[in-house]
Every structure is written in C-alpha cells, then in structure tokens.
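Just dropping this structure here.
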Amino acid sequence: MYYLKLIRSFMRASLQQDLAYRANFWINLLHSLLNLVVALAAILILFNQINDLNGWTFSATVGVMAVYLIIGALRGLFIGPSLETLVGMGQEVWNGNFDFSLIRPVNIQFLVTFRIWRFFSLFDLALGVGVLFYAVSQSPDPLTWLNWFLFAITLAAGTLIIYALLLGLSALAFWSPGFLITWVFDALFQLARYPIGIYPPFIRILLTWIIPIGLITTIPAQALSGQIGSGMALTSLAVAGLLLIFASLLFHRGIRRYHSASS
Amino acid sequence: MASIISVKDVSKTYRVPQREAGLRAALSSLTKPQFLEVEAVKSITFSINPGEMVALIGPNGAGKTTTLKMLTGLLQPTSGQISVNGYIPGKRGNDFLSQISIVLGNKSQMLWDIPPLDTFQVLGEIYRIPKEILRQRIDEMVALLDMFEILRKPVRNLSLGERMKCELVASLLHQPKVLFLDEPTLGLDISVQNRLRSFILEYNLRYQATILLTSHYMADIERLCNRVLLIHHGDLLYDGALKGLSSLLTNSKIIRLTLSEQQSEQQSTAWLPEGAEIIERNHHNFTLRVNRSRTAAITAELLKHLPVSDLSVEEPALEAVIDRVYQDGAL
Amino acid sequence: MNHRGGLALIRSTWLSWMQYRSFFFILAFGWMVPPLVAMFVWMAAAGNGNVGGIERSAFIAYYLVLILVNQLTYSQTNWTVGDIIREGSLNHWLIRPLSPLYQILSSEIAGKVVYLIFTIPIVLILVVLLKPQFTFSLNHFVIFWIALFLAWALRFLWGLWIAMLAFWATRADALLALQDSMIFIFSGMIAPVAILPGALQKIAEFLPFRYMVGFPVEIMTANLTSQQILIGITIQSVWLSIAALSSWIVWRKGLFRYSAIGG
C-alpha cells in the first residue's frame, strides 16, 4: 500500500515537472508522428517490392513493428526516464546526487525504477496499439482468444526482459561511470523493429543468446499470429524471470561497490 | 547519558588503481593490476551525545567527508565499529534511514522545475509523514526561515540562499534524530548564513536533534558548535571544546597595542621585548605575537616602557591557526 | 580570412573532442544502425534473387558506402547553431576576429575526423564479413568525390538556413526533425531511390534530399549512365545554390534582428 501511494506521489510530481515545460508537448507529438510515419513507410516500401520476407507476411512484419512501438512506449513511461536519471547524461552516479537517493528509507531498486514518469508515452502507446490493430486487420487468418492470451503473456515477458536488460546495463555504470551504455542499447534495439528471423545468423545468435532483444518483439508477434504455442510463451516468461533476478543481483552488487568505493 | 553516535577504531582504506602512462603500462595493468592503498581514515574513535552540535573540521582530503559518509551508511568502513542511534549505518536499514538526514552544500535534492512545496510532499510520502503533521512542520519552519513567498516558485528560479533554505527544510520534515550537514553555508552571502545558523540553533533547542557539521567557515563553527573534531590526514587530532583548540594548536598569543604618541621606526624595534614580533602595524596601533608562557612578563614590560593607551591580550584567530596547521601538517 | 586561426581552432576542437571519444563513438554507432537495419532487411528481401534488379551483394555494397557517405555529409552543427543563437553565445563568436563560418567549419571537420576513426574500421570489418560486390570504374570514382563534396555542402547549408530560423522562432527543432525524416525517406536510406514506389520516386528525384546522401552512393554502386549522372549533378548544384542563397539571406536578416533586439 505504501509503495502504491509512493508511486502515485512520484507520478504527480513527474506530471507537474512535465507541465512546467508545455512547449515540449508539440515537439514530442511531432517526433512521435514522424517516427510512426517513417517506420510504416519503410515496411510499405519494402512490401511494395516483395510479398514475403523470409516467411514473414506484411501483416506479421507490421505486427513486430507494433510490438516495438508498444514496448518502447511502456519503457518510456517510467522505466526509461527513471533509469536515465541514474545513468543517463546527467548521471546521478557520477555527480554525487545519488547519495540523496541512497539515504531514503525506500528500497533503492524500487526508487530508481519508479521515480520518474513521462505520461506523454501514453500517446506513443496509443499509436503502437493503433498499428497493432492495423496489423491484425491485414492478417490473412482470423485471430482467436488463445492468440491474444499468449500475446499478452509474451508481451509482459518482453517488457520484463527489457526492464531487466536496462537495469543490468545501468548497473554497469557503477563500474564504469560516464559510459553511456543505455545509448548503445538504444542503437542495438533498432534491430528489434523487424523479425529477427530475417537477419544473418550471427546477428540472430547475438540477439537471442547474448542480448535477448529478439525475445522482446519477435516472440509476442509470433504469439499473436499463432506461430508459437503456450510452451514457448511460458519459456519466455521464465527467461524474463531469470534475467530479472540476475539483473537485480547485478544492480545490488553495483550498489555495494558504490558503498565501498565512492569518494 | 548514552551516546547517540559511537565510533570505535574506524578506518577506511581506498584501493585506487595505479596506472602509468604508455601502452606497455596499460597492457600490464590488465594482467597485473596495481593498486595504491589510500588510508583516508585511520582508526578514529569518538562518541557524541544526543543533542550535541559538533563540528568536523580539517583540510580538503583530510577524511572528514569520508567520516561523514560512513556515519550515514553511504560508505562502508574498512574496519571498526560504528553505531548511530543504536543502528549500524552500513546495514542501511529503513528504520535507521528514517531517523537521519543529510544536507550537502553544493548539491540539491529538490526537484528542479516545480515549487519546493511539491518536493516536500513527495518527501512526506517517502517518510510516511501524516499530512496534517507535514503541514504543521512545514509551517513552523517556513515561519522561522521567513520563506513564505518562495514556497510556490519553481526551484530553478530561486537564488542560492533561498534554495539552501529549502534544502534545510526538506531535510528536517521527518524530524531526524541526527542531522549531517556538509558545507551547508557554502557560497551564501552573510545575511543568509546568519539566518541559517539561527535556524539551526533554534531547531536544536526545540527538538534536541544531534547535529554533525562540516564547514570551512569559522563563523559557522564558532556560532553553532561547542565541540570540534579535527581530522587531518585521516587522524583525529583533536576532540574537545573549541576554546581549547587554539591553545593546543599554538603556543602563541596576540597582544594588541595602541600607543598614545607616534614612535619612529627606530624606536619601535628597540623597545620590543624578547619573544615578541610585530605582525601588523598601523600608525600607532600594533599587533604582536608573543610566546604564550611569556605573555604576562611581556605585557608588564610593554606597560613599563611605552606610553600605552590601550592593550588587549587575545587568542590567535582560529582560522589563522588552523590554516597554519593545514600548511604545516602537524600540531 | 584568418587561416591560421581557423586551422588552430580545428586542431584544438579535434583534440578536446578526442578526450570524449567514447561519447562520440556511441553517437557514430547510433547513426550507423538505421542504414545497417535497412541493409539487412533488403538482403533478406533479395534472398538469392534480386529486388528491382538489385541483388543481395549489391545492396550490401550500396549500404556500406551509404554509411560512410552519411557520416561524411551529416551536419551536427545544425543542431548546435540553434542552441548558440538561443543562448546568446553568438556574441562570443561575433567579436572574435574569425568569421563565424570558420568556427562552424572547425567543429564540422573536427567532428567528422573523430566519427570516422570509429566508422571506417567497422565498415571495413563488415566488408570482410559480408563480401559486397563492387563494380569499379575510375571515371565514376572521380565524379563520386565531386558529388560527395557537393552533397556535404548542400546538406550543411540546407540545415544551416533552417537552424538559423532560431533567430525568429524559439525552436527550429521541429523543422530539423521534419528534415531528418524527409532525409530518411527520400535520400536513399530507407531504400535506394531507384526502388521507391512510383510517385515517391519521382518526388525524390526532384527534392534536395537524394542529393545529400543517395546520389553520391548511387554513382559509386548503382551503375548510373553518364546522362543520369549529369542530370544529377545539375540538380544537385541548383539545390546547392538555393541553399547557399537562403543561408546568406537568413544570416543577414537574422543578424540584423539579433542586434536590433539586443542579442
């Protein structure tokens, strides 16, 4: 209950901060719309020339793009902004303000995950959902409730995986502060716009076993189009759980290092 | 009275990676990393009673910030025992954290683009302060600091002094038993410094909060603290009343002399007794440094041989004394 | 023209940026990824055959060259100029005995050298891994450099006059964002202009964007006829003149307004 009230308080403060900069709203709107247009244009131009991308139909490919947008929006809602304060450009770990966060009688992982909210991402979320419905509408086969159910599970898993990856990468900042590792992740994450099945083998292996970005967007899209079953869906959930545990451990190790080394 | 802060044989050693320039050194540092051990704090022991206001002084890099951070749990000691309010700070338990607070002079915990009141409300949630009580505490402190007008201005529009007032209020909302202040008056103008000092004194009087303060401003220390811990090169060199510090740090005293007639330069130096040196001269006002043990004798001689219109004996200025300690590096 | 001052400025800018090279390398990496993604997508689309007459290895060649050309013509100063005008730092520039153009150019050149230190090795590695197919002709090689220089000048000046609108509008960011999207679609990044769908292709041949990036790349990799090259260079030069003129006008008018309202 306490933690829920805290989240509400963080949300309120974040909203107030955002409203202090009203001009940004229109710029953000423009950016979101432009990104959407460019992303869809890419797929339309592609499928103007072909019918089938390594077995992926137009509808399925747009589906992956939709999942990419949706998960990007969920990340931008609170995970991204909160962690950016820790390890982004104005690095708290680096400039010493992190001491204030550590001194609070609140679990530090909870704090760095939930403290900053960007409600504009809800708009991005709506756009992503819109693209999803467009993809579904273009699907040659109708979707059953099982498809949607598995989609929900794998989408949740995908969100947990991206959180775990970002948390783990952010934890690395305790060992090398100043290196903008989340920017590297952002660049790599671009590859998740498309089904990972289309990439050459070495990229596919990288995106499945080393930095499991492929699990984040491709699997949910496959669940929706019925290409994978409940076994795979549960596996992705299990993988998400494992990654989360590992990332949390890494994060706490990082905090311990901060405590023994900061000066 | 049981102490609220107890520090026993606490040390902190940093391992700093050593690397020389050049490619070969860089490669060898990969396989055989070399570390330099920096002893930031060397086996210090002290204890503080509830309600005391104590200053932690020492030159930069002496170990005072390290000590402060160990007391708050932000840093783990390498060895020794620390107890604050019955807790081990290093464990960083939530109960412990709810009873302490920090103010860092050149850093801000306020949310930047919104009024301070909004930050106070978030802190109220974090520290589980009931709404009514939060409001009362804010009102009380706002009245003491005369900051009513700035409560609703975005923090980025406030001056440094106004921001520090907010920092102080923010740190006291949950009425911590122990307050750690790291250079709280840094960069502020005199009137704001005075304001903040009065506030801290008043707060300590009303709530018996234990306060540990580091500062480079002697005025802070002289006004607020009756006890001083001097840390230098990681060692605790002095622990006691402020007054005692200068007599321990120096074996000299200052005599201020005003003569009723103008003396020429020749005659001035001639009349100087042994063991006295002129450190300042302004027309017929003289400032002399004399050996502490010979103060009475020298004073008698000056009165006997010179047309003295005014004479006073003082401790040397604490700042000057401490500066010399910092420079000489020893007591 | 203060050449000595200019060269010294370039060198010192480069040296100071090299201190932060991990930051700049991450930026360069980020710019590389969208063309790489497009490359992989078209590689998958072409499979063992071709798309619109372009084979798999030709796509690889096209995009690897595009990565280099994009890096060489990308003008980051456009973003900083707006900031400089807004923050009033322009005063510092105006009172130096060095034409502001030199100061802009110094950061351009310094930046490109830093980025290329990262980009070139990566491209070389990819050439070895992916084995693109190159058809080489000396004539084309020479003309490529001319077109490349014109492309850089065009992209730079075009972005410059838009950025200088900061003299009037507080945020020219929106227009620059729009410009980036236009470039992505029409300059040959999303797909070589030759395989854009009908209407888009016609538009792309007239808009300036193709001539900022795609055109030099096509000279190197797409077997253009002499006539096509000639027409291309002509259109490129026309747009360059327009951009130069616009920049000059906006600069003069902007400076007038800037000093009139006190900077």
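The first chain written gets the first letter, and so on, giving A, B and C; residue counts start at 1 in each chain.
By definition in this document, contacts are C-beta pairs under 8 Å (C-beta built on N, C-alpha and C of every residue); 3 or more make two chains touch, one makes a residue touch a chain.
Just so you know, these numbers come straight off a predicted model, no measurement behind them.
Can you figure out the chain closest to the middle, judged by Cα centres?
If we average C-alpha coordinates per chain, A lands closest to the whole-structure average.
Farthest chain from subunit B, going by mean C-alpha coordinates, please.
Looking at centroid distances, C is the chain farthest away.
Using mean CA coordinates as chain centres, what's the gap between subunit A and subunit B in Å?
46
Give, as an integer number of Å, the spacing between the C-alpha centres of subunit C and subunit B.
About 56 Å, centre to centre.
At what distance in angstrom does the C-alpha mean of subunit C lie from that of subunit A?
Going by mean C-alpha positions, subunit A sits 30 Å from subunit C.
In the complex, go through subunit B and note every residue touching subunit A.
The contact residues of subunit B facing subunit A are 14, 40, 65-66, 69, 72-76, 90, 92, 94-98, 100-102, 104, 107-109, 111-114, 118-119, 121-122, 125-128, 154.
Which bits of subunit C are touching subunit A when the two form their complex?
Residues 22-23, 26-27, 29-30, 32-34, 37-38, 40-45, 47, 51-52, 129-130, 170-171, 173-174, 177-178, 180-181, 184-185, 190-191, 195-197, 200 of subunit C touch subunit A in their complex.
State the interface residues of subunit A toward subunit B in the complex, per the touch definition above.
Subunit A residues touching subunit B: 2, 5-6, 9-10, 12-13, 16-17, 20-21, 95-97, 99-100, 102-106, 256, 259-263.
Taking the complex as given, what residues does subunit A use to touch subunit C?
Touching subunit C from subunit A are residues 23, 26-27, 30-31, 34-35, 37-38, 41-42, 44-46, 48-50, 53-54, 178-180, 183-184, 186-188, 190-191, 193-194, 198-200, 202-203.
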